[in-house]
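Shared between the two complexes below is subunit A, which has subunit B as its partner in the first and subunit C in the second.
Entry: the complex of A and B
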């Protein structure tokens, strides 16, 4: 019940001027405005990632030197790479890495940001000052390079990449959620809870948390595409999940020396990345307009 | 104003501290410093010597202060592979990165601002939809891949531009276009939303009532104010260009700092990569500090407001 009212007072926080584009009325219904194209792409993406072994008979690691660098054919729809591995199979299995890393990284950084944002906004005072200065620091730093150095220091791997992305990814969550909490803190139901004798932790968890949930979902959907891109970039630079595990990023970098001879090595993983990230961005924009139009200016 | 600047400088110093602490933490606490800082082929004696020299056998907090002291004296580290100080290697490559980044910046602004204006003026018309789709695609495309595709198209197939490496003016076109893509997309989006907001303000209405021509209102009265948020975007932009230059310089074999970082990764040259991160991080901090001060100077609301 309180979910939809949670953002009413947030305008004053997010920007001094009113949002120029008036929110569309919700009465039009969810289904009529669903972004079908991005949604379909994302469903297919998850489907492919989960059922990769059933969708292709090729082993993504199975080398076959006589078959190396074959252009797309009916045997290998997207061709084969330098070691004769099927590009389509590697693309399917690569989707798994993208999905796992992006989902884990966005959830991890989201939870960190959520905790810091709520604590900062609700507790205020010195806690707020310290946490927000820290958040500003992280927002100002070149994130990709920090992730790179972290991966180099710890050694590449799936968990390392997730941690590397989470270390730098939480700050935007913290910032936006904090500003949201600042207005929620002043609302009557929080005052009532206080009068009722609820402790600070209880108020934060039971009363504030549910009210920032919409905002949290919106930021998550907007940040996840950044995680996919960062993961691909780290892999491309050789600081991601190590070979021979296929990732879209390392598939592109493996294809780089053959830029003039074997175009299929790089075109398909890149297109897949573009399509996924594009769909995630469109879906995120839609979700923001639908759940939380006030964030538009943020 | 003085208070505001003091606050921003404080924030900058704090950010630098966080950066240094993070790097220190990665290297000495989570990582195995001997493996990271000493060449792989080193003998046990050399390793032992390095441990004493780097103070790795001492308590972590002592190491931390010594590390800070080294940085303060400008000792960022020595590359394992090139046996050269990271600072000198960085300085040698840096002008090339700046040239490329500035070209990309100019390109992004020259194309991004007019696109944003066009989009705002023809709001919800076909052109607007086109520009907006383009900007979402621009933000979604991995720049290293776009660079490779441009290279395949223009250098390999059409053969009208050089494949890679820095030479004359034509060698700038592909890398700068690639690097500016995200910036261009972001700028056009920001200019659009900012201009739409400004166009509904009282002084724009007044100008119209006075009979100022529509294009003059847009380009002179409205755009000036609409560009203010774009200015703050510059600080973030710079960090973005730095991040982007690693991938773009790698793809185009551009002899800049980004490529140096890549060579560091490939050669497992941890001190080199770590040093580049530190220097670039400091640069980003200083630039965003300058941008914020200029912004406060241009827009009195920031100066006299509550700060940020």
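Entry: the complex of A and C
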């Protein structure tokens, strides 16, 4: 505008034609910024897991020895395994296990971590010291090792896997949420709530909790992929949900001896795993940026 | 009997480096419907007095002595649960910064209604009606339509009105205003002060007005207490404080207020720095900066001396 002529200035002063604003894509703001690829993958994942029986006519446990180790064909789009079971059907039903384990483990560890993080950060003092040392202890445990030991001790099964993953998972929630609460509890609105006569529980639930929700969602989205991966790892090592229930982990491990002759046994569950974890991480990154108040416009 | 009587209140902070006497033997009283101004420079302990009255001093600070009598009840002898029934209902407070005083993720209705829900156990439509009533009281236009709005939907001045609504929701008898207009621009300041005055006259509200602005003092207050280094060095009516300031610190404060109709080349200011809170002089805390200090001032704390019915001063020159 430094080179604008007199007439141009006159019009702006009279306000008859306001300076053209930089067009802000308000209406399609959210839609254009959504991470379409990871979102699509995740929607398909959930859809497949929920509607697995409707999407394939094969029984994931139905053995057919004459059909064993068949490469992908129009009958079996992803081939069959060593016992003649349809790989696609097993992949679909395996998605269910992944979804159930990841969702329950993240919800359990998330709720525990949220409660401990808020209590620790808000109450401070001795409570904080004890809870945070406890968190340190659990953070120091190697996820895989402790899950393995736990599963071996209690016996494999869906519930055991969920508990095993939650035992370790909550500490990450607790640590991050506590640090967030430390800054929230110093804000004036918490002081104002105290002035108004609110008790500690009320302040934690009504004032602190909603303010850590963004952070909670971001950790959740990143933890889900970790849980899917850990579940697959446990299954791969034979410590997850026991066979014959199909999981991506035990499918990969079952296919390992045949990697040179029947590549489809390992490749498809491996690809599925890669796709889910990658998408989940992309989505988590997007969510973190999206919810970051520093990147938000007034 | 005064509504609020504070006697020898002391609040100390126990740090590893030493003890900070943030509030040191402070005494004052406020009648129903009266406004006491509490003035002093930053760090003089004004806000600590305010927090102490509500017993909201966080670790490592502690109220170490004195009495706070509200309607004759010593608040320092109450347990935490009884104290909570005073906060918000009988005494309340407005904080300085309307931007951070409101919870960004709760609606206005939730925030204004919180105190009413806690103390009067209202819910549903009855709660909503009370919230609307309070919002109207503080002059929020079209209050009914703004209940579901969030703080970021409001301008700074309106937000501070909402903060006022939160503080006044349960109709307290006593309000502490901790520099409520410092972060507002001048015209909005005036509106806000008028509003507080109006509510005060209607409800007979007693106020402790914490400020460092003598313009606000002359507009709002009946009496003034001047704080320096955790102590009240002079208490007087507004008229006396402007016409006959006694303590050298009060004199210096009044002199440093620029006059509108006077042409000044240099603004007058008080020489030197307040003493470090960890190493206060044994005698009068102002001795290090006082233009008329005597040898005696450094050695002994001056007693409170009565100048007139309403004016007391702590200075050896008046003993």
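The definition used in the following text is that the second predicted complex is superposed on the first by the 264 of 298 C-alpha atoms of A that agree within 3 Å, B and C clash if a C-alpha of one lies under 4 Å from a C-alpha of the other, contacts with A are read in each partner's own complex, and residues count from 1 in each chain.
Please note the rule applied: a contact is a pair of C-beta atoms (placed from the backbone, for glycine too) under 8 Å apart; a residue touches a chain by one contact, two chains touch by 3 or more.
Since the model is a prediction, treat every value here as computed from it, not as a measurement.
Undergrad: Are subunit B and subunit C a fit on subunit A, or do they clash, once the structures share the same frame?
TA: Result for subunit B and subunit C: fit.
Undergrad: Count the residues of subunit A touched by subunit B and by subunit C, then name the partner with the higher count.
TA: Tallying touched residues of subunit A, the top partner is B.
Undergrad: So, does A:50 touch the first partner subunit B, the second partner subunit C, both, or neither?
TA: Neither subunit B nor subunit C is touched by A:50.
Undergrad: Please work out whether A:129 is in contact with subunit B alone, subunit C alone, both, or neither, and reply first, second, both or neither.
TA: neither
Undergrad: Going by the contact rule set out at the top, does A:199 touch subunit B (first), subunit C (second), both, or neither?
TA: A:199: touches subunit C, not subunit B.
Undergrad: Please work out whether A:187 is in contact with subunit B alone, subunit C alone, both, or neither, and reply first, second, both or neither.
TA: After superposing on A, A:187 lies in contact with subunit C but is clear of subunit B.
Undergrad: Can A:239 be said to touch subunit B (first), subunit C (second), both, or neither?
TA: Touch partner of A:239: subunit B, not subunit C.
Undergrad: So after superposition, what is the minimum Cα distance from subunit B to subunit C, given in Å?
TA: Value for subunit B versus subunit C, nearest C-alpha atoms: 14 Å.
Undergrad: Considering the complex alone, what residue numbers of subunit B touch subunit A?
TA: Contact set of subunit B toward subunit A: 11, 14-15, 18-19, 22-23, 26-27, 30-31, 36, 136-137, 139-142, 144-146, 148-149, 151-152, 156, 163, 193, 196-197, 200, 235, 239, 242-243, 246-247, 250-251, 261-262, 265-266, 268, 270, 273-274, 276-277, 280-281, 284-285, 288.
Undergrad: If you look only at subunit A, which of its residues touch subunit C in the complex?
TA: These residues of subunit A touch subunit C: 124-125, 187-189, 191-199, 202, 206-207, 210-211, 213, 298.
Undergrad: What residues on subunit A touch subunit B, complex-wise?
TA: 17, 20-21, 133-134, 136-138, 140-146, 148-150, 152-154, 167, 225, 229, 232-233, 236-239, 249, 252, 256, 259-260, 263, 266-267, 269-270, 273-274, 277-278, 280-282, 285, 296-297
Undergrad: Touching residues of subunit C toward subunit A in the complex: what are they?
TA: It is residues 54, 56, 59, 84-89, 92-93, 95, 97, 100-106, 110-111, 114-115, 118-119, 152, 163, 166-167, 169 of subunit C that touch subunit A.
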